[in-house]
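Should a chain be cited, it is by its letter among A, B, C and D, assigned in written order, with residues numbered from 1 in that chain.
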Amino acid sequence: MSEHHIRDLFDLAAAVPDGAKLAVPADYSGVAMAATRALIRRGVRHLHLVCVPVSGLQAEMLIGAGAVKVIESSAVTLGEYGPAPRFVEAVRYGKITLKDATCPAIHAALQAAAKGLPFMPLRGILGSDLLAHRPDWRVIENPFEAGDPIVALPAIRPDIALFHAPLADREGNVFIGRRRELMTMAHAARRTFVTVEEISETSLFDDERLAAGVIPALYVSAVVRAKSGAWPLGLWNAYEADDAFLRRYATLAKTDEGFAQVLARWLDEPAMAAE
Amino acid sequence: MSEHHIRDLFDLAAAVPDGAKLAVPADYSGVAMAATRALIRRGVRHLHLVCVPVSGLQAEMLIGAGAVKVIESSAVTLGEYGPAPRFVEAVRYGKITLKDATCPAIHAALQAAAKGLPFMPLRGILGSDLLAHRPDWRVIENPFEAGDPIVALPAIRPDIALFHAPLADREGNVFIGRRRELMTMAHAARRTFVTVEEISETSLFDDERLAAGVIPALYVSAVVRAKSGAWPLGLWNAYEADDAFLRRYATLAKTDEGFAQVLARWLDEPAMAAE
Amino acid sequence: MNDAPLSEVATRQEFLISTIAGLIAGCGHVAVGSASPIPGSAALLARARSGGAMRVSVLGSLRNNFFTDGGVELFDCAAQGRVDAFFLGGGQIDGEGNINLVGTGAYPSMEVRWPGSFGSAYLYFLVPRVILFREEHTRRVLVEKVDFVSAPGKSDPGVYRPGGPHALLTNLALFDFDRGRHRFRLRSVHPGHSVEEVLDNTGFTFERPQKVPQTPSPDPETLALIRGSVRDEIAEVYPRFAAAAFAPRG
Amino acid sequence: MNDAPLSEVATRQEFLISTIAGLIAGCGHVAVGSASPIPGSAALLARARSGGAMRVSVLGSLRNNFFTDGGVELFDCAAQGRVDAFFLGGGQIDGEGNINLVGTGAYPSMEVRWPGSFGSAYLYFLVPRVILFREEHTRRVLVEKVDFVSAPGKSDPGVYRPGGPHALLTNLALFDFDRGRHRFRLRSVHPGHSVEEVLDNTGFTFERPQKVPQTPSPDPETLALIRGSVRDEIAEVYPRFAAAAFAPRG
């Protein structure tokens, strides 16, 4: 850990500058919603959101709160709860700049950054209108076979990767288990901020079984404890999404007024443990 | 697991055809020496050995036994025990075809295969004589920046990946912990043969901590139990290399006769548990 | 076919599950993406019938998902040729098999915006047997030409493409996709529906045999499997679906 | 300087460890490759002195290696700009900083074959501070021109190269590398040796100041650290080295 001055969600939100290229994971992976709330409270603006490879409530609320300038994602949806209304609205009125992608392209572009490469080739995509609307994606020739076109994706190097995990230790090592996309995000990003349910007093490297699923502190700039930090979303192996909240959200957020109401209530929720 | 007829080291050796492109790991990672012995006993020939990214005693003995036609590696050495004498001898007299590489190039070429890509770009290498002697490596232009040359490495898709691990279960899931290069090998190769110290009667996926370090059975063609299967090399967290054997080997293998003697004795060692 | 919970009659969902399971029989590894309870159930049904020969990876599941390399693994696995079947939907699907998951109107400020293309622009190229599945069968969905091509149904010669569309299943009918002619061909119409109804509600032209068969309904053994182990397994990922989509156990 | 185990006098290895530690002071993350007991000890010494500011990754260690992404991680980590210093050796090293880890004579059937290039052809380009370390200081090792360039000391303009040679340390002397002129410059000669001895045993020309200083010997505090925690830590990976290279604890 390199940013020891970040000790709570307030510090964390203050350390995310306006205009940051912020990488966030999909709902199944561990979304730092408590930190997102702190970001909206601090009034963050002009974010370039990179969704790895899709997003839901997090992108939706940041967009609704006016915090997003650019969004790069393969999808934004509330899943079982239907479309993401603020995202749909922002698209219709051109309030955000879209960089529509496809899941493996976002993974590959992050892997390029993690390998210090300027680009990564990727199969597929050719003939998709995605390509037509992504002037930053190029088509090159496979150098080993004439007449074999292949897409080249420029590396995505996020300024900050932000996610929520079940466990970290005092050194800043973070357990992410099978959620390896979080490892790639941390390798690719300049800085990585993590919120966690619990902080272990012993090193995660003490248990060789655990070690295989650990992001080393070398890649982690700050860890902040946030109990239920993914709420109202769920966290794998820990807790489910808050069904009542998400139903209410999906209904209310269809209008500007309804969204303002649900956002205000969410921002007013009692402070979390670490705040 | 897809090759259920492979039940012991004899079956495993029989399933490796002459001329196979065989990927093997470095000494620190888990080397299937018991299986290598079975391969030499069966008289395997013309192997195209891909060392990930280097090799020691395994490549050395296979070369000495006349089993190797081509070797692709970033180094072959007995480490603390000095040069690999059969390798050095075979190079001097042109008995093997060399594909000298550099470690990250082998990793990247396997990753290309694991991603189904025809090639992977990689930084560095330019100006190295390695490049001059690898006509299969190309220099291309970074498509995103004129005047920025970068090496393109063709994918390495091994016919078979072969390694030794501490634990598997009855389904064919294999625990490799932090040795992620074994995961990449299994993803990249058409078939993967694994020897293990122990077979668990319960699924490795039952423990979420363990799961993060598991190669799923989907990528594993056969698992054979071989107690002390890395001997005379060591296995991480399990046992050390056999110092006496390696000292004796390094001395004797300097001559053809000495090597023949140490090889014959090794092949005569009592059969292992699974044989 | 209706939603009534009569144990001898399949619910609409059970009928679709059974039909999809037939389309993926014989596959070695079937992967199921997110928000796909019916394909997920179908894959679990096909696995139950395969006698241990089929693997299934259900995204979002802990118990039926053995990936350990993160979100990229499904895509890598497909590119390695280790995924035999996958399922894609579409806000629009056209007669050449193009699919649109982005929206209608002019990009980017679209009139109707859908979530986005997900992995379609990749998996449609790499998975040999892609089943297009969309319950709604209307001219709004099945169009002559999609407004936005998330993933094309056909590719230029020279484009690396081992995969592509295999079949299209809706609430009304089942189509095969002819990869030589790049057109759909009606294979069967579901019980209670007619070819005329299909023609009326399809925005693209398609081929059809002179006599169009009826899509077979699940037999009692299949229904028992669906309402038994399949329901239990899919409930892990889609509890609300599992509570609503199945008839009571026999 | 000798190998005698007198507690007030550094062994040859202790002297080298101390000298290397000085070369990497201030680095945030130092990585140490395989078969590198002296650089490994030096990195652990530098870490001990850094007050927690330096990270060290010793390949082959379980206790001082926090990589969790397999063999590729060191290389990815370097390419991300997260490795500040690394160590390379060479069967031959020439005056332009080219290194040869492959062999002598004509490739491929070389007269003398060494193990191979390892990661040198990559890390030499990407790690800002590469310390060349080779104990043997003879005209056999330090040559005018290497027989095989495993990794070049300099690159053409336009080649992406944030890294390169920083210093060269042998049993006789310490050189800096001038990246503008692509030549070594003698910084200091070790106690007990002379500039003439260095000139006699070096196959390439190099720059030197009019008066060449002596390489400083480790002070008692440094020696105590080396013989204490550093010895204990390096013994995990190099037990035979740890048993032989250090003088008894003070």
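Quick notes
As a working rule, a contact is a pair of C-beta atoms (placed from the backbone, for glycine too) under 8 Å apart; a residue touches a chain by one contact, two chains touch by 3 or more.
In this text, all values refer to a predicted model and were calculated from it rather than measured experimentally.
By the document's definition of touch, common neighbours of subunit A and subunit D comprise B. Most remote chain with respect to subunit A, judged by CA-atom centres, is D. Inter-chain centre distance (subunit A to subunit C, centres taken as mean C-alpha positions): 29 Å. Averaged C-alpha coordinates give centres for subunit C and subunit D that are 59 Å from one another.
Subunit B and subunit C, compared by their mean Cα positions, are separated by 41 Å. Within subunit C, contacts with two or more other chains are made by residues 62, 67-69, 75, 79, 126. Among the residues of subunit B, those in touch with two or more other chains are 108, 115-117, 122-123, 148, 150, 178, 183, 208, 211-213, 237. If each chain is drawn as a node and touching chains are joined, the picture fits none of the line, ring, star or complete shapes.
Applying the touch criterion to all chain pairs gives A-B, A-C, A-D, B-C, B-D. Those residues of subunit B whose C-beta lies close enough to touch subunit D in the complex are 26, 28-29, 52-54, 73-77, 79-80, 83-84, 87-88, 91-94, 98, 100-105, 107-108, 111, 122-130, 133, 147-150, 178-184, 236-237.
Those residues of subunit A that touch subunit D in the shared complex are 113-117, 173, 183, 187-188, 205, 208, 211-219. Residue ranges of subunit A in contact with subunit B, taken from their complex: 108, 115-123, 138, 140, 142-145, 148, 150, 152, 154, 176-178, 207-213, 237.
Those residues of subunit C that touch subunit B in the complex are listed here as 29, 55, 62, 66-69, 75-82, 126.
On subunit C, the positions that touch subunit A within their shared complex are 34-35, 59-60, 62, 67-73, 75, 79, 101-103, 107-111, 113-126, 148-152, 155-156, 158-160, 238, 240.
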